[in-house]
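Once you scroll down, you'll see the structures, which are given as structure tokens.
Both complexes below contain chain A, partnered by chain B and then by chain C.
And now, the complex of A and B:
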């Protein structure tokens, strides 16, 4: 992946030293900077240096920030991970809750309403959701701030005040990022639950007089949730990669904005670093999903062993 | 079960509402919040490449002198700053500066002449790659453009410094107008690793403000340094640069009072914001113009062999003039810019009153004149097909524009339609900005639309000089020996009035040759909350002397 990215970036049009060509700057500066970026060296020699550095865990110096790429990513990644996890929990819990309510009375009012709403919400682009939320909750009702992660004076706040301040700033972005996911998880879970609900083994348990609560908790939910774990693993990995639109609308310091800005400014080392980290996170979340699946269903392990 | 669910729902709503019901923290009323679209990369003036970086670093670090815009002369005035007075030698080959002895760095160290010498040393060092590298033309420099400190500086005492300029050079205050940095903080930093190492060092400043906080991609908070010689009680105590990437969010926050100042407001929003009783608007006559670039030479031949061959379509000045006559620039001004701009006819902005040649005027929109000029250049609709031809070749070309710029989208459509009306086929192609600029700077494009911001002081050489190595921005490949001679003469002329005469001569030549179609100068619209007092919006930007602001 890294090798492919290295060559793809360098053969793509664009020049990282281009931004140093300006009426205010001496033409000598652009050539000096290009040389210091090692962009004049042959591609193979650049690749050799890159690999040697990578072996030492060094992605190089960001052309934009002029500090090691790892340090740039370190300052953006924690927010993305926390923000993604909050959104992930919201997506899963709300999707799950709504699916349970729906399945209790299939084709009931709640089920029909939620199903139609979920389709509508899924079709809504996140920038529409974000801008609408800002208009309603910030502009009209003046309940939440329209952008940023914290107030300017948050440094002087107590821990509890800081927590409330972050919550106030994050509610609208979390809703924007999560709404689509809630709809997806709702649809998945609802359909899975419905399918399991009518399976013969469930009917059999009912016939044996088991309590409906017990059947739901011990048999229906575990069977319905299993296929969803793989989807959740992939979704969480994608969330870790950054939520560009939400980050731009609400001016949040996440990996999405960092990566896109790095691509636009042709900051090769930073693009490589961001992609690498995003790739690793996708692998980790998928692995975690597989492990959870194996823990819940021993047949998966048996299947692998056989 | 039902009550459990109800309890759960109530709990969720309560959690959502608790933060909303919390009162916002008490706001500092003596603060101004301004929005910028993206985070800065450095507050160090050495690396202030971007406009906002320049604004912030100039508020943090004081310069030897400062400049203010004089509307009457249409030029800059120089004021004392770190240098409280000065004396030029009779032949202007040196300047002796009396430095202030009451300036302290934010860590308590005294500012002295050593800081000044050290700053010149760093700014010109090729290892540092500062924004001023390569621009010390009037100084004694070595082969790597590094200033010769021994020859250049004489420190008589910590507050008396003489700067000696190169023989036969034409120094001015612009040569010494840049922020000074502290020697004691940076002297032990390795020059080789300076670019990365300086990021680890907390800024030590001597300007009107100090850096209180920099929350990456969120905000940069500057607080007034009450010990600074620039501070006066009652002045603004805090300026916050809030990063808001989305333009609509910036405008919404301005209306809500979350932000107090927004630059680059779109002309569309002018009438709406004008109705807001809390907002003032300034449409500043600009230094930015849009143009259509016609490559004067054949880009394919130049790319292959670096040979200069006139462009088959745009090599003839008559054709370029005809194209300008054929484009209805007034329509663009009225429709898109809502008249927040002026028609352009040359590379000198109307704000430079002394240098502007007022005897010239924009070519009018005149389709018949365009057709006549094209016919005289041999382009005629010989077969009544509606397309002009010459020697069997159709007059058709691709006009390249950078993607993601609504103004360029609109204007390119106007150009396409206008040129089609006189028998020229235009195909518009949008390129990703990085790709577009790489091709433009590589002189690979035949026709394109872009814009330039003119530097202060005026410097035409990078745009119009024939030697491309000295003129990287002469992307239309304009070549005129008279212009070259005039530009060289400007560099060696000391008298400002004489320089202005030469600028006028350059304008006349460019007007005659029409190397590009100058479209319009764009007004820079700035919207700000009326609570900001003493805001002086000038061509130097709204932050020029921002420490004099106060808040009502």
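And now, the complex of A and C:
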């Protein structure tokens, strides 16, 4: 119930960011332009029209692009979602893989190295990683392109070539975006797995002579993964925000860079639209995580109903 | 018995090393203090005009560099931390703190010093250039004030110096000829400061190279540490204040207030904070203060959750009820009854928050929304370096490494404090 209430609150546009939309405008734009953007009206009435438009799904017209904000966002949003999802999958799968490897022998060599490494990687800022990757792979080795999404001559490529081109451009950004997440998931999963590993029921199963592989697959993993899902939901929501710096480093056409540019050029309708979309994405991911959790564990549903 | 390097050994050693290396500068600083007192007694108004932040900065760091090793030595038995074996974390933290306190002593150039761009631009690490000292015409009037100013110029690093010329190479004939990027210029000897009838020429070393404006990266790195730590400190204090007061405010009365504040906190927690920070900074302008305030306001949520939970569980305990019935004010209840109990999780949270804030500050500077151009910052150094990636790797390597080490040390420190304060916790 609490989650439900909270989602309602988030959807309602009492968003703190929107309060700051108007006060600082006046010195930046000439009064004529202000007229045309309907910024001379009192704040309250502006807010009213804004709310009305929002209900109709209209964010207004972007100042810089001169087309409706929705259309601008439409052209940038798919990239961010695909990009974040790829990175999300990479994070989860690598974190999971490494955690499994290190749990196989707690305090073994692999466990110790990975734990140390994950702490170090966690402390690495994404822009340092990104810039170093560009330096190593683009400048020194000349393996991958350093920025953009497609090569300049990609128009003439066939579909398969285009796909290869895209993926070549995406490898470095995905590594940059995923590295921190891999460390987080690894740490979280490792601790969870270790905890379940030493639980009495696992000991019991082991004493009954079940195969270790069977125990891991059927009993340990499901128990350890369950709490991960809500964390993953929050993390995916944050990923849409975290993609911002990566997009700036690699000059990728995503929502993060769009937002930063919009904020820097004081394109208020666009900023509102981007913030709103980001908020919606966060809500959707949280909701999805909750639904999956409820699907996996009937007790959650019972808890909500009570 | 094996000899272990303890923390206090390291601190004393570092300070002594610093004193040895900068003995000239220190002597000058103490002379400057004496002259300043002198000047202040005779003409307070003239002395007043000489007061600046950098002046105090130099004096305070000079005094501290003497006092700290003495204090460390005296109190080495009393303070537990000083008796510990030196670890990587404490090593990095001591280095950072000494950068913070002794920046004017360690850095031998002003971080904004620019001169003769043709020579100094994008120099690799460990390169050196020749410095020609010109005669300055300031020495003509001899009174106590000009003495003072001359001395001050020796101590306080300025961001410009007209009496220096940087050159790649120098040849001395009848006139002195110096080369800047292969372009020769000649100077007559009577303009130069002479020593033993030879022109006075020194070498200047750039340990970590220079950036695209010919500024010394080493000193920028050190002053950048200062900005990072300062921003972290300021915003963590704001976070502490907000988290404590809001947590108490929500947890103590409960009911409607609690629900409202808690719900708002949930809202902030779910939203990607970086959007929020960027939005506010872009709207209200980026200055040092606004960055500190915004970062402070963006990190109070987890602290709030901790404090609120603890307050709710503590407020029905006997000691708390009796303290309340004794008539303690709410502030006193918070500070005297609750804070001592929850201090451990609060400190751990603040240390982690400190790391987060430093990272956020660097990220903001990287996006060009940081503390502004007037202060060197690690993030903006990396951002500038990205444009010269193919020519100057040192422009991003050193600030990147500094940032990494700082964050790593902050995270480690948080975990260490956590395990010290909660011995029951594993790992």
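Structure notes:
Keep this in mind: the second predicted complex is superposed on the first by the 274 of 306 C-alpha atoms of A that agree within 3 Å, B and C clash if a C-alpha of one lies under 4 Å from a C-alpha of the other, contacts with A are read in each partner's own complex, and residues count from 1 in each chain.
Everything below uses one rule, namely that a contact is a pair of C-beta atoms (placed from the backbone, for glycine too) under 8 Å apart; a residue touches a chain by one contact, two chains touch by 3 or more.
Please read these numbers as outputs of a predicted model, since none were measured by experiment.
By the touch criterion stated above, A:132 is placed in contact with chain C alone, chain B being left untouched. Once chain A of one complex is fitted onto chain A of the other, the partner contacts of A:161 are limited to chain B, with no touch recorded for chain C.
Using the contact criterion defined above for the overlaid structures, shared-chain residue A:248 touches chain B and also reaches chain C.
When the shared chain is aligned, chain C comes close enough to touch A:119, but chain B does not. Chain A has more of its residues touched by B than by the other of chain B and chain C. By the touch criterion defined above, A:261 lies against chain B but remains apart from chain C after alignment on the C-alpha atoms of chain A. By the touch criterion defined above, A:282 lies against chain C but remains apart from chain B after alignment on the C-alpha atoms of chain A. In the superposed pair of complexes, A:145 makes contact with chain B only, with no contact to chain C.
Of the two partner chains placed by the overlay, only chain B lies in contact with A:75; chain C stays clear of it. Counting contacts by the rule stated earlier, residues 20, 23-24, 131, 134, 139, 248-249, 264, 266 of chain A appear in both its interface with chain B and its interface with chain C. Residues 263, 266-268, 270-276, 278-280, 282-284, 355, 359, 362-363, 366-368, 379, 382, 385-386, 389-390, 393, 396, 400, 403-404, 407-408, 410-412 of chain C are the ones that touch chain A when the two sit in their complex.
Interface residues of chain B, counted against chain A in their complex, comprise 5, 8, 16, 18-20, 22, 24-25, 28, 31, 33, 38, 41-42, 47, 49, 126, 129, 131-135, 145, 195-196, 199, 213, 215-219, 221, 240, 242-246, 248-249, 252-253, 255-256, 258, 432-435, 437-439, 441, 452-455, 459, 462-463, 469-470, 472-473. Of all residues in chain A, only 5-6, 9-10, 16-17, 20, 23-24, 119-120, 122-125, 127-128, 131-132, 134-135, 139, 234, 237-238, 240-242, 244-245, 248-249, 259-260, 263-264, 266, 271, 274-275, 278-279, 282-283, 286 touch chain C in the complex they form.
Chain A makes touch with chain B in their complex at residues 13-15, 18-30, 32-33, 36, 61, 64-68, 75-76, 97, 101, 131, 134, 138-139, 142-155, 157, 161, 164-165, 167-168, 171, 248-249, 251-253, 257, 261, 264-266.
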